[in-house]
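Letters A, B, C and D mark the chains in the order given here, with residues in each chain numbered from 1 onward.
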Amino acid sequence: MSLSEHEMAALIARDIEPGSFVNLGIGRPTLVADHLPAGAGIVLHTENGMLNMGPAATGDQADPDLINAGKVPVTELPGSAYFHHADSFAMMRGGHLDVCVLGAFQVSARGDLANWHTGEPDAIPAVGGAMDLAAGAKRVYVMMTLFTRDGVPKLVPECTYPLTGVGCVDRIYTDLATFVITDRGVVVRDTFGISFEELSVRLPVPLVDRPDQPAPRPVRGASQPAGDSPRRS
Amino acid sequence: MSLSEHEMAALIARDIEPGSFVNLGIGRPTLVADHLPAGAGIVLHTENGMLNMGPAATGDQADPDLINAGKVPVTELPGSAYFHHADSFAMMRGGHLDVCVLGAFQVSARGDLANWHTGEPDAIPAVGGAMDLAAGAKRVYVMMTLFTRDGVPKLVPECTYPLTGVGCVDRIYTDLATFVITDRGVVVRDTFGISFEELSVRLPVPLVDRPDQPAPRPVRGASQPAGDSPRRS
Amino acid sequence: MTAARICDSPAEAVAGIEDGSTILIGGFGLAGMPVRLIDALIDQGATDLTVVSNNAGNGDTGLAALLAKGRVRKMICSFPRQPDSWVFDGLYRAGKIELEVVPQGNLAERIRAAGAGIGAFYCPTGVGTPLAEGKETRDIDGRTYVLEYPIRGDVALIGAHRSDRMGNLVYRKTARNFGPVMATAGELVVAQVSEVVETGQLDPEVIVTPSIYVDRVVAV
Amino acid sequence: MTAARICDSPAEAVAGIEDGSTILIGGFGLAGMPVRLIDALIDQGATDLTVVSNNAGNGDTGLAALLAKGRVRKMICSFPRQPDSWVFDGLYRAGKIELEVVPQGNLAERIRAAGAGIGAFYCPTGVGTPLAEGKETRDIDGRTYVLEYPIRGDVALIGAHRSDRMGNLVYRKTARNFGPVMATAGELVVAQVSEVVETGQLDPEVIVTPSIYVDRVVAV
C-alpha cells in the first residue's frame, strides 16, 4: 500500500542518524519533526537563525520573534542557540548540516532538483533558502509524491522546471518507493504497494533494483494503486 | 624645537574628531590614547576583538583574557563590546574605522607605507594586522621620527623596504613636521624647530608649503637639531 | 562615523533619506521588521527606492504599505511570494515593480561582503540554475562556484531589541536574522528598538552589533 | 557530525590526530590559547604538522613546546616574531621550519571562508605588497583586490570559557579571538574550557559557537 504523508515522514525520520543536525524544508518536510525519536539527540536547524528548534508553539507560547523558516511560531529547547542570517547560511553552505529534507516539483535521474519555480509565465519566482540548502547540506533528501495529481512522474530524465541545484539529491522518499541516487543510477530501495517492474514501466528513468536484494522485489503492499497512466515529460 | 614622542601623540590626539572610532598601532602610536580628550567620545578599537577599549590595566586589574593588540593587559569601559577575529577585521576592512595611527620605517611621497619588515635577510617577517589596517581604515596617520638615528630620511620618493600598503597614508606626524599627502604632493602642515626650506633640503621628496600660509614658514623652535647629513636612499 | 544619536521619533530617525536610495530593510517576515521606521519613511516621502529585504511585504502594513504607495522601483529579495504578499504580487503582475530574486544565503553573504570590504566571492549556491545565468563561474578544487558581488545600502533600517546610548545593539530570538549584517552594510544605519538603556548596562560579551555600525536609534 | 563528546582528559580530547595534519590553534598570544590541548598533543605524538595560529609560540610552553619538539613542519601565522618567540626564531633561522606569513585579517577571513563554504574571495589587503606576490588580482569598482583561498584544518584546537553538554560555547573577553572562526573550519574541533555546564544553562542569545561546530570538549 502506498505511504501516507506521515508514513513518509516517519520513514525519513527513521533514516536520520542519532545526533544529526537537520534542516526540514517548508511544507511537507516539516512533518518529519513529529517522527524523530525522542532522545536521539537530533538537532533541528532553521535557516532564519536558530539551532535546536523545538516544536511549534501552541496558544500563549507563540512569540512573534520566535518563528521557523515557514514563519510559524516555534519554541526553544535546552541548548538552543541564535545567530544572524550570514552565520546561519555559512553553517549551511559550509557543509555542517548532516541532512536537509526538501519538497520537490521534479528530481532528475542524476539528482538535479527543481523545487522553487514552476517556470510558468505568471508565477512569481521565490527561492528562499532552497538553493542554499541544496548546495550546502551534506545529504539532501527529497520528500514528494512520485506522481502529480495528474499522474505525471516527478522523477524524470531531465528536469523541465527551473533547477534549484545540480546533482545535489541523495535520496527521494515518495509515497510509492524510496530511491537512492548513486553512481550506478537510480537505485530503488523500498517499494510500497507497487512492484519494481511496475515502477520501471511507469517511470521514464532507468531504475536499478536495490543492491542488497538481487532478486526482483516482491510487492510489499496488497493492492495496486489505480494510478493514471503516466505522461512522460 | 622638535617634538617629543608625547608631543607628537598629543598633536595627533588633537586632530582626531570627537566621536571617532580609532585603532592605535602597536608601540609608539599607543601613546596617543593618553592624550585623547576626556568626553570627546572617541572609541578605541583593538583588532584582537574589542571596541571601546580602556586604559592599560594596573596591578590586580590585569586579566590575561583582556589584552590589546600589543598583548598588554587593558581594561573595559562602559559600552565595550567583544567580537571574534573575522568580525574584527571585517570592521576594519569594511572601512568602518575612522582613523588608524601606525608607526613606519618609511613612507613614500605618494603615501606608500613600509612598516612591517626591514627586508634584511635574517629578519623574521611578521605582519600582524598592519596590512589590514593600512587597507581598511578610512584615514591612516603615520607617527614616526622623520629621520633614522643615522639621519636617514624616512619620507622617501619610493620605499625601499617591503610595502605594507600602496598609497594608503593620509598624514605623517613626525618630530620635525607634519605632512599631508595630497593630490598636489606632500604638503607640509606644521614644522617644529626646522624651516620649510631646510626640510626641503634634507628630504629627498618635493614638498609643498601648507596651502593656508603662502609665505615661507618661519622656524618655530629656537635651535636647529644637529642631525647627521641625510643619506638619500 | 560617530556614536549613535538617540532620536526622539521615527520621523527624526529617517530624516534625510533621499529619492533613489537603496534601502536595506531587516526582518524575516515580520520578525525583526522595523515597521515603525518604514511607516516614518512613508511619511518622509522618499521615492524611487530600491529595497533589499528577505521578503516583499506582508499584509497591508510595513514594507507592503511602502510598496502600495508606489515608492519602490525595485525589490531585491529571496522570497517575495507569500500567502499575504498581495500588494507586491499585484504590482509585479502589473509590471509596476522590478524584481531581483537572490538565494537567501547569497543575499546575507553579499550584504556581509559589502560591510566587510570583500570585493566579490565565489559561492557554490545556485550553480547551474537560472539565478546564476550570465554570472561568471570558476572551478576551485573540483567544485564549481559563481562569482557574487556585494550589496550595499545607502540606508539600513533594522529592528533590534535593546540599544545602549552609544548604539550597541542586542536582538531577540529569531528576530536577529538580517539585522546584524545589514547594520554593517548601510551608509546610514537606523535601528528601531524596544528600549534604550544606559551605556554599560549591556554585557560586552553579548552585544551583537557594536556601536560603530549604528548611526541613529529610536525606541518605539 | 553529532553533538560534542565531553572528554575526561585532554589526552582523550586529542586522541587520533594523525601525522601530517593541518591544525588550527586558537589564541592571540596566550589569550584563548588551548595550552592543555597542546600539551596533550605533544604527549600524543603527532608530527609533521602544519600549524595555523596567529603567533608562533611564546616562551617555552604551549605552541612553543610543540615547536621545540620538532613536530611542526610549517607555521602559517600573521605574527611569528615576538619578544618571547625564541623557540620559533631559532628553528626558523636554522632552516628547520617553513613559514607562511598571512595578514591577520586575511588569516581570519580565509579560515572563515573554509567554514562558510566560500571557494575564494577578493580582498583589498596586501595589494602591491610582497605578501600578494604571485597572487591573482582583479579590479572591481575601481579598487584592486587579491584573490584569497580558504584555509581548512584537519583539526581545530581552541580555548573557550564555558561549554554546555551539547558543546555550545561561550568565550571570555578578548580570549574569543580566533576560536569562533576556527571552530567552523576544522574537520575535528576540540575545545578546552574552564567549565562544562548542564545543557540549558547557557542563554541561547549569548552562545557564540553553536554545538554543531564542536566535536570534543574537555574542562581543565
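The rule is short, and it goes like this: a contact is a pair of C-beta atoms (placed from the backbone, for glycine too) under 8 Å apart; a residue touches a chain by one contact, two chains touch by 3 or more.
Which chain is which protein? Per UniProt: A, B = 3-oxoadipate CoA-transferase subunit B; C, D = 3-oxoadipate CoA-transferase subunit A.
From a predicted model like this one, the values you see are computed outputs, not experimental measurements.
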Query - Pair joined by the larger number of C-beta contacts - B-C, B-D - result: B-D
Report summary line: The distance between the C-alpha centres of chain A and chain C, rounded to whole Å, is 30
Query raised in the report: Centre to centre, by mean C-alpha position, how many angstrom separate chain B and chain C?
Result: 36
Query raised in the report: Taking each residue of chain A in turn, which ones touch at least two of the other chains?
Result: 50, 76, 82-83, 90, 92-93, 135-136
Query raised in the report: Residues of chain D that touch two or more other chains: which are they?
Result: 109, 112, 116-118, 123-124, 171-173, 204-205
Report summary line: Which chains touch? The pairs are A-C, A-D, B-C, B-D, C-D
Report task. Spell out the residues on chain C that touch chain A in their complex, using ranges where they run on. Result -> 28-32, 54, 78-82, 88-89, 92-93, 99, 101-109, 111-112, 123-131, 171-181, 208
**Report entry** Residue ranges of chain A touching chain D (in the complex, touch as defined)
**Finding:** 17-21, 41, 43, 45, 50-52, 76, 78-83, 90-98, 135-136
Query raised in the report: Which residues of chain C touch chain D in their complex?
Result: 109, 113, 116-124, 138, 140-141, 143, 145, 149, 170-173, 203-206
Report task. In the complex, go through chain C and note every residue touching chain B. Result -> 1-3, 112, 114-118, 164-166, 168, 184, 199-200, 202, 204-205, 207, 210-213
Query raised in the report: Quick one: in the complex, what on chain A touches chain C?
Result: 46-50, 63-68, 71, 76, 82-86, 88-90, 92-93, 112, 117, 122, 124-132, 135-136, 162-166
